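Input: a single structure, listed below in C-alpha cells.
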Amino acid sequence: MPEFPRVHENGFVGQVDNAQVPRFAGPSTFAQLPRLDEVGSADLAVVGIPFDAGVSYRSGARFGPAHIRGASKLLRPYNPAVDLSPFATMQVADAGDLVANPFSLEEAITGIERGARELKERADRMLVLGGDHTVALPLLRALKSDDQIAVIHFDAHLDTWDTYFGAAYTHGTPFRRASEEGLIDTSACVHVGTRGPLYGARDLVDDRELGFAMVPATEIDALGTAGVAERILARVGDRPAYISIDIDVLDPAFAPGTGTPEAGGMTSRELLAILRQLSGLNIVGADIVEVSPAYDHAEITGIAASHTAYELISAMSPRTDTRSDA
Amino acid sequence: MPEFPRVHENGFVGQVDNAQVPRFAGPSTFAQLPRLDEVGSADLAVVGIPFDAGVSYRSGARFGPAHIRGASKLLRPYNPAVDLSPFATMQVADAGDLVANPFSLEEAITGIERGARELKERADRMLVLGGDHTVALPLLRALKSDDQIAVIHFDAHLDTWDTYFGAAYTHGTPFRRASEEGLIDTSACVHVGTRGPLYGARDLVDDRELGFAMVPATEIDALGTAGVAERILARVGDRPAYISIDIDVLDPAFAPGTGTPEAGGMTSRELLAILRQLSGLNIVGADIVEVSPAYDHAEITGIAASHTAYELISAMSPRTDTRSDA
Amino acid sequence: MPEFPRVHENGFVGQVDNAQVPRFAGPSTFAQLPRLDEVGSADLAVVGIPFDAGVSYRSGARFGPAHIRGASKLLRPYNPAVDLSPFATMQVADAGDLVANPFSLEEAITGIERGARELKERADRMLVLGGDHTVALPLLRALKSDDQIAVIHFDAHLDTWDTYFGAAYTHGTPFRRASEEGLIDTSACVHVGTRGPLYGARDLVDDRELGFAMVPATEIDALGTAGVAERILARVGDRPAYISIDIDVLDPAFAPGTGTPEAGGMTSRELLAILRQLSGLNIVGADIVEVSPAYDHAEITGIAASHTAYELISAMSPRTDTRSDA
Amino acid sequence: MPEFPRVHENGFVGQVDNAQVPRFAGPSTFAQLPRLDEVGSADLAVVGIPFDAGVSYRSGARFGPAHIRGASKLLRPYNPAVDLSPFATMQVADAGDLVANPFSLEEAITGIERGARELKERADRMLVLGGDHTVALPLLRALKSDDQIAVIHFDAHLDTWDTYFGAAYTHGTPFRRASEEGLIDTSACVHVGTRGPLYGARDLVDDRELGFAMVPATEIDALGTAGVAERILARVGDRPAYISIDIDVLDPAFAPGTGTPEAGGMTSRELLAILRQLSGLNIVGADIVEVSPAYDHAEITGIAASHTAYELISAMSPRTDTRSDA
Amino acid sequence: MPEFPRVHENGFVGQVDNAQVPRFAGPSTFAQLPRLDEVGSADLAVVGIPFDAGVSYRSGARFGPAHIRGASKLLRPYNPAVDLSPFATMQVADAGDLVANPFSLEEAITGIERGARELKERADRMLVLGGDHTVALPLLRALKSDDQIAVIHFDAHLDTWDTYFGAAYTHGTPFRRASEEGLIDTSACVHVGTRGPLYGARDLVDDRELGFAMVPATEIDALGTAGVAERILARVGDRPAYISIDIDVLDPAFAPGTGTPEAGGMTSRELLAILRQLSGLNIVGADIVEVSPAYDHAEITGIAASHTAYELISAMSPRTDTRSDA
Amino acid sequence: MPEFPRVHENGFVGQVDNAQVPRFAGPSTFAQLPRLDEVGSADLAVVGIPFDAGVSYRSGARFGPAHIRGASKLLRPYNPAVDLSPFATMQVADAGDLVANPFSLEEAITGIERGARELKERADRMLVLGGDHTVALPLLRALKSDDQIAVIHFDAHLDTWDTYFGAAYTHGTPFRRASEEGLIDTSACVHVGTRGPLYGARDLVDDRELGFAMVPATEIDALGTAGVAERILARVGDRPAYISIDIDVLDPAFAPGTGTPEAGGMTSRELLAILRQLSGLNIVGADIVEVSPAYDHAEITGIAASHTAYELISAMSPRTDTRSDA
C-alpha cells in the first residue's frame, strides 16, 4: 500500500517511492507528496481552492484542483532544467482544499482569506491550485505583510475590470480590488501574455493608470523568453512577489481546458522557460487558476498546469548547497 | 437565405421549410421556429434561461439553452406518436433568452421572475429551456394565478431541500420554497423517477410532510409507462399543471450531459411515452433543466432534451379539429 | 505475423487464430476473416461502401466501414445465442470496399450497382457495411432476381420520401425508388422501430399507400421482441428477404455515432434479440448503414453495429448439421 | 479544510459533511469516507487495485480505482432503495491501493494476495475496486477460509478460459484457477449477464463441467430482475458469497469505459435492482473490475460503478435495528 | 432579453452589451452582432455557407458556420492588437446562411453565387464562414468586378487541382477554376502555409504555371511573420484582394476540427500576426473555410476561426480617425 | 474495389490510386501501400508491433499501429519538402504486425526479435510502428550486424533506466540494455528533445556515463532545427543509424495520444524539419512508438506520427536520379 513516503536525509518527506508504488497507484495528493497533516507543518503548502462562482463564461474550474493533482502523478523528484530536487530542499506538503461557499462570492472570499491565514500558520509559503481567478484577491489579503506585493500576472486577460453585473468580486476584477485595497504595488506589477479583444481602449488606459505594466503576447516572439523574463525581473526587483498564472495564458492548443480561451497564446515551452528564470525572486506565494477539466482532453491542460506548478515550486526552493555535482 | 418561415393556412408561422433550407443551415431558434419578435405574440413561447449559479456539483447548464436549440434542428413539424402538428395548431415562437445575473442568486431569481412576467404578456404559455433547476421557483411565481399549481416533477432528486451552505435558493430547493410561498398545491404534486442516495431518511420524511407524492425509479418497471402516467393524472386532476423535467431523470447513458447524474434512471423511450399520455392536462408551463453541454457527447443529451421539449409542446397543444384523417 | 487464418475441417477459412495473434493485432478485415481474394469466392461476402453524399444532416458515414471493421475485432467464432459457428458453416470473406463516386450521387449509385453485380459473381450473398442509406437502392437492383424482394427495414425513419432538394437519390428515398422500380414487394415489406417527428401526416399516408407496414418504436414495449419478430416473419413469409438496418434504429444512447439520431429508440439487446428470431428467412442480402464514427464514443456504435452484423451473418448461415451437441 | 469527517452516534466515522464541504472539494477517498489509517480498523474496507497487465484487449483499468473514487463523490449517506444508511451501520473506510507489479502477472498476483491478507487483519470484509479481472483470483485466495466460496459473477464473459498465450493468470481465467485451487464451490457459483461470441461451443461445455451455472443476458427480459435474483439466491444459499462484477455486464451504452465491451447488455437499473435483492446473503467480499477510464465519457461508467459499489456496501451492511421509522 | 444591441454614436449597431447580457446568453449571430435584416444594410456582412459536398476526406464543414458563431461569443468590441473597434468603425451584421444544395455541386455553386450577388446589394463587403473550400469559386464570381482579384490563400493545400473523380468543382479545385474563368490575377496570388505530401511534383509545376506564388510552411521560421506579410504585400500590391483561409493552414494541434489535416502547420499566433499586417490592402472579401466541428475539441478550432474572422474584419475596417488616443 | 495499386515505371508498386479510390476507402495498409505478401519482398517494410506491456503509466499503445495506419490514409506519393516520391524510388510495403506475447515481456521480446529477423529476409530495412518503447531492444538485436548502431533517440525521456519493479525489459530501459549487450555505439548516440522531471540527478550522470549525448528540449529554441540536425549529424557520422522516435518528444498539444506526456515539448513542424535534414545518414531502421489512441483526439497524434513516418521513409530513400526537374 502507498503508505511509504520517502524521507530525505534532511528529514523532508518527499514523494511516494515509485520504485515501490506505480505512479498510477497511491495517494492523490499533489505529486504524491505527503499531506500537511502527516508532516505537521511545511515550508511550502500546495492547496486547492475548488471554486468557480466568479467566472463569466465557461464554468468548471471547481474541479481544477483534483484535475491538476491527477495530472501531477507524472512528476518526478528531480528537475533537470534547473538542476534541483525541490522536494528535498524544503518540506512540501499537500494541504487539501480550502472551503469556499459555492453560492456566495462574498462568503467565499471571506472563507478563502480565513483558510489561507490559517494555512499560513502551518506553511511558510503556499502554491494555490484554483479555482477561478477570483481567489487571487483573498490570497493577496492573507499574504500581504508590511510590504506591498508585486504581482507577476500571466494571463490572456487583464483582470483589472471594475464590476460585472454589479458584482465587485469576480474572476475579472481581483487585481483592481487588490490595488484599491493597497495590497499590491502596481508599479512593480506586470501582466504577461495579454491578448485578445477587450471591451474598449479604455480597458488598457485604466489598467495603465492603475500602474500595471504589460508584456502582451504579440511581443513574445520579438523578446524571446529571456527578454520577457528580463522585463519581469527588472520590474519586480526584490519586492515580495506573487506569481499568478491563469492557464489561459497558454494557447487553447496547449490548454483547452479553461473558461475564457483566446487564440494566439503562449506555448507551454515558453511559459516553463520564463518561469525557470524567475528563481532569484522573493516569491511569497503563487497560484495556477482557471483549469476547467470538462473542457480538457487527455490531461493536456492538467499536465501543463502540473508542470507549471512544478516550476513554481522549484522557483520557490532555497537554492544554496543543494545542487548536484554531476 | 433562411428567411422563409412557413406560414400555415391558419396564419401560424411554423418552422423554416427544410425543402428550401437544409436543417443544418438557417436560424438557431428552437426547431427553426420564428422569433417571438417576428410574430409579435404567441400561444406558446420557448425561452431559454442560461443560468447555473445554483448548482451543487458539475456546472455548465448556462450553455443548456443554446445546446438544446442546436439539437432541435432535427425536429420536424408532425408528431406521429400523437398524430399532431403542434406548430400548426398554435403559434409557437422562440423568445430568446431571459437574462439572469450570473453572480447573484437573489438578483437572478428576481430577474427571471420579471422576465417571465413580461413574457407572459406576449405569450399565453411558456416552455423554458434551462439553466439549472433554481429557475423553477421564479417561473412558478410568474405563472401562479388564482389557483395553486400542481407540479409534475421528473427528476432523480427531490429538490425539496431547505438550504445549502446557507443559501435558500439553489437548484436543490425550488419546490420547498414554492411550497412555502404557497405557489403550488403539494397535494397534487408528484416526483417521478426519483432515485439515488439521499442525505438521510429525513429527506423523504420532510418531502412527504410537505405533501409531495413520489413515483421512484425503482417502481417504473412494475408500473410501466401507462401506470406511471395514470398515477400522475390521478394526482393532478384538472388543476393547472407545471411539468418540470430535470434531464437527470434519464439514466446517464441517455443524458450524460448533466450536473448530478445518478445511475439507474429512465430511458428516453419511457420518458417520452409518459409525456405523451399527459396531453389531457391543463399545462400552464413547463421546463427542461440541467442540460450541461460540456458533459454531453454527440448531442445525446441535447437530442433527448429537444425531443422532450417537442412532446411537451405537443401536450400543450389544443387538440380539437387538428388531427389528420389519415 | 497474422498470416495464419484458421482453416476449418470443411475447408472454410475462418478468423485469425487469437491464440496465436492477439485480437488487437493482425488484419483489419471484418472479424479478422480472410480477404475475398485470398479464398477466391465465398458463400457470404462482407463488403464496405464508404459513401455519404446522400445524407441530409450529419455526414461522416464514409468512414463507417473501417469503423465497423475495427470494432469487429472483438467478435469470436461461436455464437452461443443461436448455438452456431457461422464462419465454420460457410465461407465468409471480406471483399474490401466498393468504390462510389463521392461527388455524384448518380455515378455513385451506378458504380455501387456495378460493383455489387461483380461481387455477386464471387459471393452468393452479401452483407454491406455502409455508408449512408442511399446504398440500399443499387444493392436491391443488383440483388433482385425473378422474385421481388421483401425488405425488413430497421430504422427510425421511413426512407420513403420522394425527393430532397430536387434529388431523387438520397438516404431518405431508397425504398420509394425501389418500389417504383419494381425491385421490392412492398406488401411484404415492413419498417421496424420507426419514430420521431415527420414532415407531415402525409408521410405516413404515402408510405402506407406504397404498401409498407410498420412496427413503430412505440409498440415495442407492448409487443416484446418475440411479438415484433412474429410480425416480421408473418409479413415476409418465404419471399427473398433483404434486411436493411439503419443503426439509428437504436436509441442515441446505444448508437451516438450516426447522422440523424432520434430519441426513444431500441436497445441493442432488443435489436439483437429480434434478429436472432429471423434465421428461418431466406435472406438474400443485408446492410448496416449510417454509422458515422466522428460522433461515436469508445466504439459504442461500432460495437453495436459489428454485433448486429454478426447476428445477420448467423441468420444467413445454413443451419443443418452444424449445431453443437453440447 | 475538509478535515471534519462526520462521526455517527455509534462512533462510526462517515463521509465528509457536505453541508460544510462541497462534494467537489475535499478528500478523494471513496465516497469521501475516512482513510483506513484514520480509523485504524474497519468493518468494511474499500480498496483499489490499479492493475491491468492481465487484459486481452483494451487496457487502462489501472486507472479504474481513481476513476471510481472520483465518481463516488456524488454518493450520499442514505440509500432510500433499501432504507439504509450503510456508513452509519458499520465502519467503512478507504484502504488506499494495493500494490501490484505492473510487469509480472505472477508477482502481481502474489503481491495482491499478500496485500489482501494484510488488509484482512484490519478490515472484516473488503470491496475491491479494480483493476482487471485477474485480481479476483488472489482475492479469493485471501478470503477463502474453511468453507469454499460461492461466486456470483456478473460479467459478459465466462472468465473460465484455461490459458491465453501460455499465460495461466489473465483476466479471462480467474475462476477456472479458483476452481482448480479449490477456493470456490462451483456448484454454488453462477454467471449472470453472460453474452457475446465465444471461441467455441466447447467454452460453454467446459464451464458447465467445471460446475458453474449461468443466467445469460438473453434471459433477463423473461426473468425480470426478481427472477434473476431468485436464481442467484437459490444457487448460493447460505454459503459465504463473493460478488464479482465486471462492469462489462452492463451494455456499452451504460459502461463504455471498459476493455472488452459486448453489445446487448444489462442496464444499470437492472444491475442495481438485482443487487438490492441480495442483501440476505453472507457476502464475504466483492469486487468491481474492468473500469477503463480512458474509454469513459462524462463518468457514465464511473457513476455506474460507484453506485454499484454503494449497493454492494449496502448489501454487506448489518440490517437489524438501523432502519428508519419513517 | 437580449434585444438591446448597443448603438454607437455614429449610428452603427454593435454587439449585444455584455454588461446587460452575459456572453453565454443572447443571440447566436456572429459576435452577437445584429442580423442584417435588423439593420437593413451593412458595410460588412458576415455570412455562413453550410456546405461540404465538395470534400475529399473528412466531411462535416456543413456545421462550420454555426460552430464559428458559437465560438465568436467570446469576442469583444475592441481589438488592442491593432488599436481598433471594428464594429464601431463600420456597420457589421450577420446575414445568416446562404443556401446551397447539399446533393448537387453544380446547383450549390449556382446557388451560392446567386446568394452572394444578392447579398452584395445589401452589404459592401462580405466575410464568409464555410463550408468547404468549394465555396470560394462562386464567391469570386460574385465579387469579381472590372479588376481581377488577387487571392491570398492560407492553406496547407494548393487547391489548384483539376478534377477529382471527374468532378470539376470540389474543395481541391476552386482556384484553378477561378483562374480559368479569368476571375483572379494569378500573378498577384499567393499560397501561404502550404505543406504536406502531394500527388506528384507535377502539382507544383502546374500551380506555378498557373501563375501562383507560394510561401510554404517550411519557410515560416526563417521569414518570421513580418517576412511572410512582406511577401504577401509585395505580391498583391493595390489590387482588389480576397483572403481565403482554410483553417487547416494551422497545425492540427491548433485546428483539429478540419477535414484534411497536415502536421507541421502554423500556430494561431503566427496566423493572427500575419493578418494584422495586411490591413493596408484593399480587401473586397474573405472566407474562413473547412471548420469541421465534429472533430473539434473544446472549441479549439472554433476559437481560432472566430479570432481569425475578427482580425479579417479588423483588416477590412476603415482606419482613419477611429484610433483611440490612449 | 481497391485492388488497383499503382505500379511505377520502375516496377515498384505504390499507393492505391486515389483518382480511382477515395482515400477514405480501400485497404488499411500504411499509406495504402501494397502488403508485403503482395510484392514478395521490399526495400523497406513498414511493420506494426501492437504491444504495450512495458509501459509504466498510461497503456494503450497496443492499438498504435492500427491508429497510425488509419491516419496515414492522408499521405500522398510526393514529398515536396524534400522533392522526392519515396514510394517510387524503392519498394515500400506493409508487412502487417509482428506478434508479441501480451502477457510476458520476455516472450514478447524474443518473439519480436524473431519476427524482425524473419522480416529482414524479405525487406532490406524496416520502419516499425509501435507499440511501446520496449520494442526498440529486440529490433536493435535483429538489426545489429558487424558495426554497432548509432541511435538517434527523439524522446522526452532518456529510456536508459536500469530496472522498474524488478523488470529489466520495460519501455524505460531499452537503450541501457542495448548498450550492455553491445548493440549500440553510445559514443554516437544522442537523445533529442529530452525534458521533464527525473528521478534524480543520478539519471543524467548514468546516462552520460553510458556514453549518450543529449539535446534537451530547452536548447531547441537557441539551436533552431538546423542546429539540432547539425549536432545529430556530427555525432552519428557514417555509422549505421537507427532513428527511434517516441511520439512524446512532441508537446502534448501535438501528441496528446501517448502514455507519459511531458509539457514543454517540440512542435510537429520542428520534428519534421529536423528529420528532413537527416537524409544523408545511413539509416538501417527506425521506429515510431508510444502512440496511444485512446488518448488521441481527431487523430492529432496519429497524423503527426504518420507524417513522421513519411519523413523517415523519405530519409531512408535512395536519392540519386529521382528528383524532379521541376
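As written, the chains take the letters A, B, C, D, E and F, and residue 1 is the first residue of each chain.
We take it that contacts are C-beta pairs under 8 Å (C-beta built on N, C-alpha and C of every residue); 3 or more make two chains touch, one makes a residue touch a chain.
The model shown is predicted, which means the values in this text are computed figures rather than measured ones.
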Go through the assembly and pull out the chains touching chain B as well as chain F.
A, C, D, E
Fraction-based call for chain F against chain E, same above half, different below
different
Calculate how many whole Å lie between the centre of chain C and the centre of chain D, each centre taken as the average of the chain's C-alpha atoms.
37
What's the distance between the Cα centroids of chain C and chain E, rounded to whole Å?
41
Mark out which residues of chain F touch at least two other chains, giving numbers and ranges.
22, 24, 56, 58, 62-63, 102, 164-165, 251, 253, 267, 295, 297
Pick one for the touching-chains graph, please: line, ring, star, complete, other.
other
Across the complex, what residues on chain A touch chain F?
18-19, 22-24, 73-81, 83, 85, 224-225, 251, 253-254, 267-269, 272-273, 297-300, 303-304, 307-308, 310, 324, 326
List of chain E residues in touch with chain B within their complex:
1-3, 20-22, 24-28, 37, 48, 50, 62-63, 65-66, 69-70, 95-100, 102, 115, 118-119
Sort out for me which residues of chain A touch chain B in the complex.
52-54, 56, 58-60, 62-63, 101-105, 107, 164-167, 170, 294-295
Sort out for me which residues of chain E touch chain F in the complex.
56-58, 164-165, 194-205, 208, 216-218, 221, 251-253, 256-257, 260-265, 267, 295-297
